[in-house]
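Take a look at the following structure, please.
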């Protein structure tokens, strides 16, 4: 019955063994969730299943027969399709061209119409309004994810391996995704689903495999493991107090912003921030949250009246924001936050090089700073001179946080603090954020994860259509209230 | 670790192989006179290529340097000839000519950089345009012919190319100094770090508060200045400039940068590699001239093969990493 | 000498034609002559451009009913476009063309001829015979032969020389073959490499010759731009007394040095860029007079010696 399975698979990179005797079986018509902290070995397993890596020992079984894929396309031909977290889409081609890439319809002459209609049909099944003729580069990140899913659907997969497919999707899109997963399950497709969102795992998975340090530590059927149980199994200890206790902001205003306008994106937003406060900003993707933050720190053309500690400041570019004690941690870690091909030291000091010598860079001072950052933010890197891109997402995020904190800012805006990060690291980052607030710094946390905003913030602003739709605090901070404000359903909580 | 070394040392291995080959083919190859010749004639392209390393590392490109060199040489010669009757034939006049070349280089580099950063035009297009402009300007200045430095000034100026300390002539010394400063700047200066960051990911650089446009502009200005410096040493060699001066220097400089291990897409700059690249290109020419290996019609083919090979050797490691 | 005479003849004929046809020329309709030449990328072409412009300015003043269209091209394709544009938009009556390359220009020039226009071809022949009405050219074979004969007569048997060739073309091949033939077997050619009619390239090639060969008695640089690079390399190696250099084409600086009796530059071989002037003048003559202007005019290459150098010296030309 089993379509694709791993039998006693181990995998070593050089002398280091990262997988130890893993057994995993994917059954048709079943959603199999694979969970574990970053570095637990999930990606290695997905790569072996998808034909991108060979096991060092043990077997990959397809329909019960040992099989070796020499490449991804070969696995795809056998019906094993992987949806990667990093999109494999050609940005300059249209949606339809991407969906049919490598299996274009028509003979020598392309049948554009068939491909367009086929794509529209697939996207329709996903309730996505994307036009098949749009270029990928013009699509938002969630839309690209939908295209990636449509592309996988078009492959008529027997086994579908999905790596964090919902990480960048909005609520509604996630709903459509679940619907498709149900449909595929009904058609007898075997699905391997990797996710950090334990609520979604509990909702979707028929079977759960928990990985820790390259071993399978728990396998369970639907209903046998609740979210708390999953987290405990992943981390190996009880996870209590996931979010740190709330703080005690002072009454002194650290930041006052009046009439912040980013042309076309944000319309006259006022906000204030107290010392020692964590202010959450919630809202749907596209509601202007990131644009608000980037306008405030000078990364986008914007106009506003800004006071820091009561003193008016003018911020025209990011340097001005740094000088005023503001810092911004981007949501786009890989494309705007870190130089993935450079080592840790270069990344840490990039925004603050003038603190490390004049024209000449004082490398030993940089190394000392890296030592401190590694200790303060618990950055786990096998080697200092490794490429930052080879760190796990969680360690990248910690490094980015260390980089942001290097100039010792008093006001820190953090956009999506834990996107694509494992549970253990999430908790660490929450603790860092609270610690910074307790030191008297002020923080703005922008997040799409509602539990996160609620768990972290002393107060929440909800954005809709480039404006503040409402403010909630204390016991009013509930998912229901946020959704209402974000969707514009009702103003009762405002 | 071993593979990494082989990868970065590839160009040096190629250089050593060429030197051994040259010595085997003709004993005159290792004579001090020949070494002086090869190093000195590498100096122009070499200095330009060091500047080009910064431009390419920041993700830019400059196709105009060959024409720019011809134009600057022309302007410097005109300036010296013009003031010679008034100032007389002495070093003041020469220094003025040198100043014109350096300032002109600065201005020309600034023009390229400003068009790239302020007008936001692709570097390829900007410098393709200025390449044509500088080339036409020098042809126009020379009236289609050749601009020649007055013979008195020539005699005085000549030692700047041919003189030096022993057989280490001034162009060699200048090239060495430029290369050392360039390597130091790329590795240890804030400017070098910013250049690499921008080439690696411009958006990350911007989000780190780096003034991306200013740094990019400075790479073009630096390159212009080094073209000016190359001209200061070029003019005394033949004492003339014409429409055919510096033809294809830009491609030689770019080839040297790439052979040396700097990625054409930017992000990683290796100035010492560029120096090795320049020497490799000069040595190929030299060896082919010294050793009747192949028909002279095929010289270009040999060069092409070696350029591609040098780059293939470096790629081996990264493709191995893909898997 | 031959060229001078030719120019004199043309000027004389032109003057006569003007006088004779003065009344006739008054109401004569405007005639347009297109001139298409390669652009000034090196010294010789620079001189040729200068002479072309100079001649056009002079003739334009002398004959108000003549109009000239000058186009310079950096490559053969651009030259074809130029000629097509002249036909389409300027409605030329005559064409003076120095083909960039023979093959690609043959068909377009033939089309001009078939449209009933007067065609003058300069210097490089078309690949099909009988198209042009008038052919004016330098003599590449003579250019190589005259130089070769000088080397043969002025070097003792067993001497060794080196040669710098131009850009690889048939023109270069013709010159070198004629040179080798005239040189005979008494003098040994040590090496022949391409200096591409470029000073910098010639400098580099000569430096390497000097490293490679301990004894060189003379250099045939075949072009005055190359000769300048060659002499600089020789001077830098302190071997000026060892060898002499023969260039070619009569660049003014070189001619001046021959006039002044420079030992290193005993003679030069002409290949005058002014041949374009003769071609334009004769074509103009066709339109302002009734003189029959057709045929082939080959302007031979001559030896410039210290004795006759003065008459080859044009201080105003850029070349």
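Read from first to last, the chains carry the letters A, B and C; within each, the first residue is number 1.
One rule holds for everything that comes next: a residue touches a chain if its C-beta (ideal position, glycine included) is under 8 Å from a C-beta of that chain, and two chains touch if they have at least 3 such contacts.
Per UniProt, the chains are A = ATP-binding cassette domain-containing protein; B = ABC transporter permease; C = Substrate-binding domain-containing protein.
These numbers come from a predicted model, not from an experiment.
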item: Distance-maximising chain from chain A - centres being C-alpha averages; value: C
item: Contact-richer chain pair [B-C vs A-B]; value: B-C
item: Identity of the most central chain, Cα criterion; value: B
item: Centre-of-Cα separation between chain C and chain A, whole angstrom; value: 72
item: For chain B paired with chain C, centre-to-centre distance based on mean C-alpha positions, whole Å; value: 34
item: Whole-Å separation of chain centres (CA-atom averages), chain A against chain B; value: 45
item: Complex contact set, residues of chain C against chain B; value: 39-43, 45-47, 49-50, 165, 168, 191-194, 197-200, 203-205, 207-212, 225, 228-229, 232, 236-237, 253, 317-319
item: Complex contacts: residues of chain A adjacent to chain B; value: 299, 317-319, 321-322, 328, 330, 332, 335-342, 346, 350-351, 353-354, 357-361, 363, 403
item: Of all residues in chain B, those that touch chain C in their complex; value: 26, 28-29, 31, 33-34, 37, 41, 139, 142-146, 148, 162, 237-238, 240, 242-247, 285-286, 289-290, 292, 296-297, 299
item: Footprint of chain A on chain B - complex, ascending; value: 188-191, 193-194, 196-197, 200-201, 203-211, 267-268
